[in-house]
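Listed below are the structures to be examined.
Each of the two complexes below includes chain A, the first together with chain B, the second together with chain C.
Here is the complex of A and B:
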């Protein structure tokens, strides 16, 4: 500690600290240009969006009008999209985290036939290109009549292989075999041991997988794009991208620009909020996955 | 065993140790088989057939694959992604590593603030990121174009043939740099503190310590992130798909292999050929990842 405190007071330390902080600030500006842009733009009327400097506010504060337009355009379908996104993300997030916790616990604490093979399959799953899966899922689900229903998005999103890997690593670390063994000696059944002893200790890992799976579904585009075809079932990503395509195609959709801006802002705020509230979890969880891998 | 008796009295099933792992795996594995293994097998089956108006559906063996191997629309996309990846991955991961080392050095103000701020883009859906950058790139109303006009400079052209790939790469860097930075930062934080004290006693500077001791120690983590980046890059779809109207004629319907597979399936209704394209892409992903791992291991050995 003596060494550290000596260097911490030296002039060269303070100098390098200043320059390194400047370097961080530069990257911060880059990171925040698009975020700042969407905040600024959502306060502008369509005319000001094109007529005033993009990275600063115009005199006319049009934010509430844009929000009102956003939630009333096409009979207020945006709120429908928002509710769909919340439904898909919450159900998929909770389900994926729960199933990943079960599976990770099994891989971590039990020996069984086929363990190596099934774990290798789960790990290998990250290699598969999305189209290779989503297109046949579309064809299979259309045979059983599930295409264009919420299930078409939710069911495939419940499969979250990185979550299984993360939970296995987490259970290896956070859950001692002695504790489980003690439960067995007391005569508790395995289900009882899991829910009353193990799950409490696995909660931080569970929360990490929950937020990662939640965000993965919230941000997913390709799966809902392919599997849903009626506007009523769209999540925000697919709905907004359609409005955006309309706006950029030049066929009279330009009035949509300010609505798309407001919609973009509304759709990213909940996810950013979720990350800020749950930062303790994802920081630890991403670390565990990264360090052990 | 009073507890077990009580459990049974409440009418619950007493699960033994030999059955338990299968029970815990059941929900995940059932869905894994239904939505991963089964679609893959089905797609592989599809890729061996061909459907025409005249002859109906016929078994054609490897014919679709042979067609993919000589299909310029597919390989142009693959070549494009190689160019994209060779530009985007080193920049993104190099910056992530540099900034993780800076954050970890302890020589900065506001470390927690920056760490969280850098992660924010990961929370933004790729669709929204593409859309926002699409606005920013706009030559007439994008702020960069406006600034250039104000200073009477030539307007930067982000959406032309020679620049658009870089512009899309910038979106990907923006989206995923913070994510990789957090992973590197966590790995750096796991390095024992006493190593730094030892190297400082030996007279090493902070920079020497970062490059000669910290960097080699987190190399395994770096290799994992490179592999994930390769896999992600070869699946590029959302960003060019969203930006297709901004650069019509440049971003065509087979701009990336995933885009091509999507067009084949949903515009042309060629599900069989689309499945073959996806499988060959999967093969390219596997081969590139494997070759990279071999090279990384050889250098480490």
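Here is the complex of A and C:
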């Protein structure tokens, strides 16, 4: 008897598709509500924020006023925080992605003593939350006098074990050994091969790790909270939470709620932009045609 | 051109010995093919010569120079890989220029050399394209071109045709033969395909389990295999092997009638081998052995009959294309005793022929 699978026209297929759509729609709403709340809230005045329904716009469009307040409050320190966050995230993201690419390539393509052990350590490090390491990092960095400098955030963020793992797996898959050997036969040195042949083919993996490391640093709160103490060095996360604390303590900062909302919105825009810009680099298939699979 | 010499070359991966002491000399301009089943160590041996693997023992000399501890580039060899291994982000010109650029050649000379080789390989129209825009055969030509441009002392080919479809493989085989004639360069070629080996080689090296089983010209291996392994590996269809024994000055085949053993006195005869083209089908009741026709394959140029012989494996017979042989027919099989290969218990060939 022939085995007939479901086709796009069969009733059971349409039924299961319908349920899947419903399930995904619910999940979408669940994840989108907080973002929607931020968007709606950032258009409200402080009074409307508490006086109107939270998930819809009030009649009074206060967005531009909120933005203006955001960038002028406390002599416009928010711009400073935003620049700090960009600096920390870009440097950490690029640095972490580069190190991850170097390490992943080495793990994938070279044999060396202690390879298994070091890779096991990398995998183990993936399991350890950075939060658990913040106090030791603080003690280490205070010994060398780097606490309360940008390096206090950047140096620890350059270590990104999930990136190393991703790049190892990606290099295994996307970069054939024969291609590297062809480079060697052609007389190219290892560094030359890495930058002229391997790196080009690892670009999609590099872009992925870059965006992950970038976002991780962008969203990092606890590390800068512990390691930075002057407001000038704060990233947006720590700065906004301080304003929020100020607002809830009620010491004359109640007006800050709407500014915090606008600040939250402004702080997620660059991340979304980064995702959109990096998207085209994720497209794999660059290796197609070079080696026959 | 180069003379490549291997002396006691060994290679182990961990505790596994892949190459167990290989001695071989490849002469100037010679086309040598390493052939063997998978796991025989043929590719590893090539990679050892190319410098892509480090030896565990022995020495490798190129033109008398010890290159055992030198990297691939310093050996001045070129290699063509099974997967082509073209740089996918570079154009065909970029692929072919890469080695020369690394070596610091002037731009004009690079351009001139690449153009010349592209013309030789009919790639001139594709120089500005990327590898993915080319067909399999064209890509393999680019890989060969990349090797030629560098004017290496010798060429290494690692199963270069395995990824091509059957028709293209034959075309490329002929192109490689022509190329060898034109360049006169020393070439070492690895394949698991014995037809490729027979057609391309000046000399074939048959490998099994990391040991050279036999070295010789294609016809030498075909006519005088050193052992049962070579006998069965070289030639298509395979040589037929029948159990045999030495009895009172005669060699009894498959327990049946014996043939004159001539001067041969050895008692350790275990098998005889006979090529399908050396057997003739005769009417039932005649011939040296008997069987029933199991399968008949008509290829147009030839007819192959597979005859079930009691007490032995099926015997393959190459019959004329218009042979009337039919499935289920009882037949006798005859062959000239001097075409028999006789093998000892350990598989080595007993070169003495009956009647000699």
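In this text, the second predicted complex is superposed on the first by the 256 of 293 C-alpha atoms of A that agree within 3 Å, B and C clash if a C-alpha of one lies under 4 Å from a C-alpha of the other, contacts with A are read in each partner's own complex, and residues count from 1 in each chain.
The rule is short, and it goes like this: a residue touches a chain if its C-beta (ideal position, glycine included) is under 8 Å from a C-beta of that chain, and two chains touch if they have at least 3 such contacts.
Note that the structure is a prediction, hence the values are computed from the model and not measured.
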item: Touched partner set for A:99, first chain B, second chain C, both or neither; value: first
item: Most chain A residues touched (candidates chain B, chain C); value: B
item: Which superposed partner A:197 touches (first chain B, second chain C, both, neither); value: second
item: Partner chain in contact with A:178 - chain B first, chain C second, else both or neither; value: second
item: Partner chain in contact with A:50 - chain B first, chain C second, else both or neither; value: first
item: Chain B versus chain C as contact partner of A:187, first or second or both or neither; value: both
item: Partner chain(s) touched by A:59 [first = chain B, second = chain C, both, neither]; value: neither
item: First, second, both or neither for A:137, with chain B first and chain C second; value: first
item: Contact residues of chain A, present in both the chain B and the chain C interface; value: 184, 186-188, 192, 286-291, 293
item: Contact footprint of chain C on chain A as seen in their complex; value: 176, 178-179, 181-188, 192, 197, 200-201, 286-293
item: Chain B residues touching chain A - in the complex, by the definition given at the top; value: 1-4, 7, 12-25, 27-29, 31-32, 34-40, 42-43, 46, 95, 99, 102-103, 105, 107-110, 114-129, 131-136, 140-143, 146-147, 150, 174, 178-179, 182-187, 189-190, 197, 200-201, 206, 220-221, 224-225, 228, 231, 234-235, 237-238, 242, 245-246, 257-258, 261-262, 265-266, 271, 274-275, 277-279, 281-282, 285-286, 289
item: Contacting residues of chain A [partner chain B, same complex]; value: 3-4, 7, 13, 16-17, 20-21, 23-24, 27-28, 30-35, 37-38, 41, 49-50, 53-55, 98-100, 102-103, 105-107, 110-112, 115, 118, 121-122, 125-133, 135-140, 155-156, 158-159, 161, 164, 184, 186-192, 194, 215, 218-219, 221-222, 226, 236-237, 240-241, 244-245, 248-250, 260-261, 264, 267-268, 271-272, 274-276, 279, 282-284, 286-291, 293
item: Residues of chain C touching chain A in the complex; value: 50-52, 71-73, 77-79, 81-89, 98-99, 102-103, 130-134, 136, 139, 146, 150, 163
